[in-house]
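In the two complexes that follow, chain A is the common piece, with chain B as its partner first and chain C second.
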Partner chain A sequence: MSDKTYDKQNPAFYALLVALVVMAVGPIAMMLMTSFKLNVDIMSDTSSLIFMPTLRNYETALCDFLWYEAAHVDYCDKTFGRALVNSLIISLVSTVLTLVIGCMAAYALVRFRFMGRDTVSLSTLAMRMVPPAVLLVPVFGIWTFQFQIDGTRAGIILVYVAMNLPFVIWILQSFIVQVPIQLEEAARMDGAGPFQVFFLVVLPLIKPGLAAAAIFTFRVAWNEFLLANALADRNSRTVPVTIVNSMTEFDIDWGVIMATGMLLAIPPIIFTFVASRQIITGMTAGAVKG
Partner chain B sequence: MQSANVNRLTPYLFLAPAALIMAVALLYPIGYMIYASFLDWNPSQRIGEADFVGLRNYVNLLSDAAFLESFWVTIKFAAIVVSVEMFIGVGLALLLDRNIRGMSLLRTLFILPMMIAPIVVGLMWRYMYHPTVGIFNRTLKSLGFETVPWLSDGSWAFASVVIADVWQWTPFIFILSLAALQSLPQSAMEASRIDGATGWQQIIHIKLPLMMPVLIVTLLLRLIDAFKVLEVILVLTNGGPGLSTEILSLRISRTASEFRELGEAAAMSNFLLILLMLLTFGMFFYNKAVEVRAARLRAAAEED
Partner chain C sequence: MPKITFDQVAKSYGSVEVLPPFDLALDDGEFTVLVGPSGCGKSTTLRMLAGLETLSGGEIFFDEKPISKLEPKDRDLAMVFQDYALYPHMTIAKNMSFALRLARAPKSEIEEKVRRVAEMLNIAPLLDRKPAELSGGQRQRVAMGRALVRDAGTFLFDEPLSNLDAKLRGKMRAELAEMRDTIDKNMVYVTHDQVEAMTLGDRIVVMSDGLIQQQGTPEELFKSPVNKFVAGFIGSPSMNFIDGELVDDDGKTWVHGDGFKLPLDLDISARMNDVQTRAVTVGLRPSSLTTDISRGAPIELKVVVSEYLGAQSVLVTRCGGADVLVETQSTSPVRAGSVQTFGVLTNEIMIFDKASGLRL
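Right, the complex of A and B next:
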């Protein structure tokens, strides 16, 4: 293949590319810029590109993690710091649980073939179809009155794991199918039990699939608002919930809210740059391979 | 003997946790919701205390002007957003399917809008749409034009919400169509080039028909997601002004939390679910029908 040689294109084409990149990244860059501005600069009429960058907004948002006393923070509002910790715990735990459970289920479905792959694909699609808004009423009712786990992190984690499982099983299936069965048979010959075969032979081979699944699961749990809003109480609120809560107030503190938004956006942005290949694989796996 | 037993049980052991969690936290709630849609239920009651009212919630909904309005807004939003995104996304894919430097960086940058929390997307756009400090109105003003009431006028608000969604989700279609384009058989391209097909003819007669299966799946996935959009609109307009941007998901969450009518919210959820189900199965069977037809054509061609 001609991987290293590139075709020459006309300049208008490159102009279009630049325009597209500006359009895609512009709003994010603007949020980043605003998060470094004082409210005076945000509201002023002068050009928005010239200003003194300041970390004040981040200091206000993260005041309870600071090791020094920030001069301008007279009252430290711990809401955001607490929400950040909640978000981290909830997303990480639900990602790990979903991966472990989903991986085992996908393996069973592929290797022991007691259900057609079509059934699984169709039911995954059916589950993907269910909007979080539809789960809102029943999950609120059940969690509050029957399981009595409303307002706890465990309750939120349980919904996220259930919501993500169909997709994770689906993605991992397509990776497990490609693991040659001879490898597993050889391991079994050497005396490995089914669990050893799974953990020592299969898992290491499907790492790219696990990476894609992990990113997607983490992203859903990290970004989700509606169910977290219905289930969380003051102590288990996640970051999206606190952001929306501070939006509805009449007077919006744009600098601080942009800083919190930026903090919420940073993990997904990092993942995108580190693992864009895996993300694209995960995104196209379902549609293109069929 | 013992190991045979273990082997027989293994698939079930592997499957049990996933099955259990999905049954408890996904299937049970959906069944519960269907039951709740027949109840007159408010959030302070246990479900056992709620009165059974039969189909009353559904009948109420059909005569509820606000619900019908938000149903219409949802359909309009999904239709517009998906067709605009398909048009731009597929168009860009056809245009950018070239061997150029930096393509992978471009794709990485394009994924960013999809990865960021919808809440944050709403936040950024709300700032940009801001009547005085937002970049759009600032630019308009400095160029000497009238400023635009982006979020405070009904039809402008709807357009603003559509623009934000198009920004966030066009890359999804772009990336899927690009992947489809790059997996097309090179032989078909070359054959057509030798037959003297122009660029346009190639696109219309060869690339698009060959991409069709992927495009239909993409369309389906995007359409399903368009019905699920909630956070961006919640942050941008919270359904207002009036009911101009109140899509069904938002209506459900407001009916449950503001109006405290859980039964009615459940009935609405059912409507939404049935709508999505019809869509999914419709697409699924369309796909199957196309496959069957293609197989028959192929068989007929082989007979000749």
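Right, the complex of A and C next:
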């Protein structure tokens, strides 16, 4: 089928395509370019596409991770490096916790008959209906005065897990329902205990669901600003909070902010790419007669 | 290989009683077939034995040991499921060795057992494949192999052949029959197909509406069914039933109905003298009717359809308002639409009470 041809389209169609691409990619390209510019170039009235690219902004942002001492950095501000580490830890830990708790909860809701099952199932969704802004004040109050975990990573992780669990439970429920019950019965006959049935038979079959849930959870945790801004202190700030806070009334270092923005974009891309490879359809093919 | 005893076992879902209390004893080393129409409770019985369903009453004993509180894995059972239930994310070898790996058997032993069973079932070349890459018949073998690798005392089969096409089913049935003779284990087999039951079972338990109707060897069930249900369920083509009335005439007992009057043999008529009722149902196997009228009492039937099956033909005929099937040799063809006289082998006539369905 190498001689596949397409009909000639109306030129307006291409114009529309170009406009859409520019709208989608333009800001990112602009950010990428700006991150390679000196502040002089950024601020100059003659800013253009032609400039001398430099890694200085990245060196400034990552100064405490560099194995050499960047010549232009006389004082290393560790804020961004610390924020990146915070973001990674908070996102990864909250993702793992959410998945572990979520898959067990979803399994119990699907397979076990217990009092209040339907109520629990529904109320998890109700949690999701509350916008984070509504949660903000009560969470801040409770975290600060009752639990005294404000300003810690654990505090932020806790609220992210709570926020993401309902969605993860719901998405995994739909995957677990599709696992034929006969497989679990066969495993029980083969001598597997409840946990072995879950980990050796059910979990491998809902891998696509886990991957989808992981991508979602990681991205929410990575991008979240509102709650992190309220709960974090200097040492536990995540990247989005740091970027906003680096805009002061005295100085906006656009170059560094853009470099930080680029660095912020990379981990979710890698994570999504890795996780999405697990999303294959037809995991349960061949299990039972269709 | 324990002796399995059901003692007043019952099952109900909420207020719906699906199995009233029943007793059943399965002998050591026996191939028992539970057979009955859909919804008769045979699968539930098997699943209670397997431990996949709880008992609502009574107790199951393995030898003298009560087992209803034991987990399935502690009952020394292996089970083959109707839908195969293979683990789709594991290779065939991993599927078959799953139980052994859970039991932490030594690796060399696992490999040895899997290889031996795979060779026995002709699935050795498939060991590295995944279930999705196998055909239905191959999956069925793997499911069987997974149970055989276990070396359990009792094997349970839940309609294992019902998902296969007719030809493959016949082949697998023959292989199962061969396996039955080579493996000295308890086997409990559930099916709705009476042919499977007749060919495989040492003993058949016929169930209907949650009740055990009759149990016995295939021959006992065929020759002396206790009621109309068992008589109609066992045997293919199934038994013909025609309503009639007992009459005494000419010093003999006759059964008389719409379009026929048949004399009863002495031993049957002797039994009929003891019963009060006169309204009966006559049971005639299609094989009890013959085109050779010299061999039996004459009956006139109108042939409606002649179904040619090869060496044999099944004639659908009408006697009064009732359909009567007749099995004949195809060598003596009968034209559809004609009225013909057949001979009834009177010693094979069965008489049932019309009201209760019990055999008289």
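We adopt the following convention: the second predicted complex is superposed on the first by the 235 of 290 C-alpha atoms of A that agree within 3 Å, B and C clash if a C-alpha of one lies under 4 Å from a C-alpha of the other, contacts with A are read in each partner's own complex, and residues count from 1 in each chain.
The definition used in the following text is that a residue touches a chain if its C-beta (ideal position, glycine included) is under 8 Å from a C-beta of that chain, and two chains touch if they have at least 3 such contacts.
Just so it is clear, the structure is predicted and the values come from calculations on it, not from any experiment.
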**Message:** Going by the contact rule set out at the top, does A:F36 touch chain B (first), chain C (second), both, or neither?
**Reply:** neither
**Asked** After lining up the shared chain so the two structures overlap, which partner does A:F175 touch, if you call chain B first and chain C second: first, second, both or neither?
**Response** neither
**Prompt:** Between chain B (first) and chain C (second), which, if any, makes contact with A:F218: first, second, both or neither?
**Reply:** neither
**Request:** Go through the superposed model and pick first if A:A186 touches only chain B, second if only chain C, both, or neither.
**Result:** second
**Message:** Is A:Q196 touching anything from chain B or chain C once the two structures are fitted on A? First, second, both or neither.
**Reply:** second
**Asked** So which one touches more of the residues on chain A, chain B or chain C?
**Response** B
**Request:** Scan A:M163 for contacts with chain B and chain C and give back first, second, both or neither.
**Result:** first
**Prompt:** Where does A:F112 make contact in the superposed view: on chain B (first), on chain C (second), on both, or on neither?
**Reply:** first
**Prompt:** Can A:F80 be said to touch chain B (first), chain C (second), both, or neither?
**Reply:** neither
**Message:** Going by the contact definition given at the top, which residues of chain A touch chain B in one complex and chain C in the other?
**Reply:** 193, 283-284, 286-288
**Prompt:** Where on chain A does chain C make contact in their complex?
**Reply:** 180, 182-183, 185-193, 196, 200-201, 204-205, 282-289
**Complex interface listing, chain B residues touching chain A** = 6-7, 10-12, 14-15, 17-19, 21-22, 24-26, 28-30, 32-33, 36, 41, 43, 46-47, 92, 95-96, 98-102, 104, 106-113, 115-121, 123-128, 132-133, 135, 138, 167, 171-172, 175-176, 179-180, 183, 213-214, 217-218, 221, 224, 227-228, 230-231, 234-235, 238, 248-250, 252-253, 256-257, 262, 265-266, 269, 272-273, 276-277, 280, 284
**Complete:** Per the touch rule, the chain A residues reaching chain B in their complex are 2, 5-7, 9, 16-17, 20-21, 23-25, 27-28, 30-31, 34, 42-43, 48, 101-102, 104-105, 107-109, 111-112, 114, 122, 125-142, 145, 158-159, 161-163, 165-166, 169, 193-194, 198, 219, 222-223, 225-226, 230, 240, 243-244, 247-248, 254, 257-258, 261, 264-265, 268-269, 271-273, 276-277, 279-280, 283-284, 286-288, 290
**Complete:** chain A partner, complex, touching residues on chain C are 50-52, 71-73, 77-79, 81-89, 98-99, 102-103, 130-134, 136, 139, 146, 150, 163
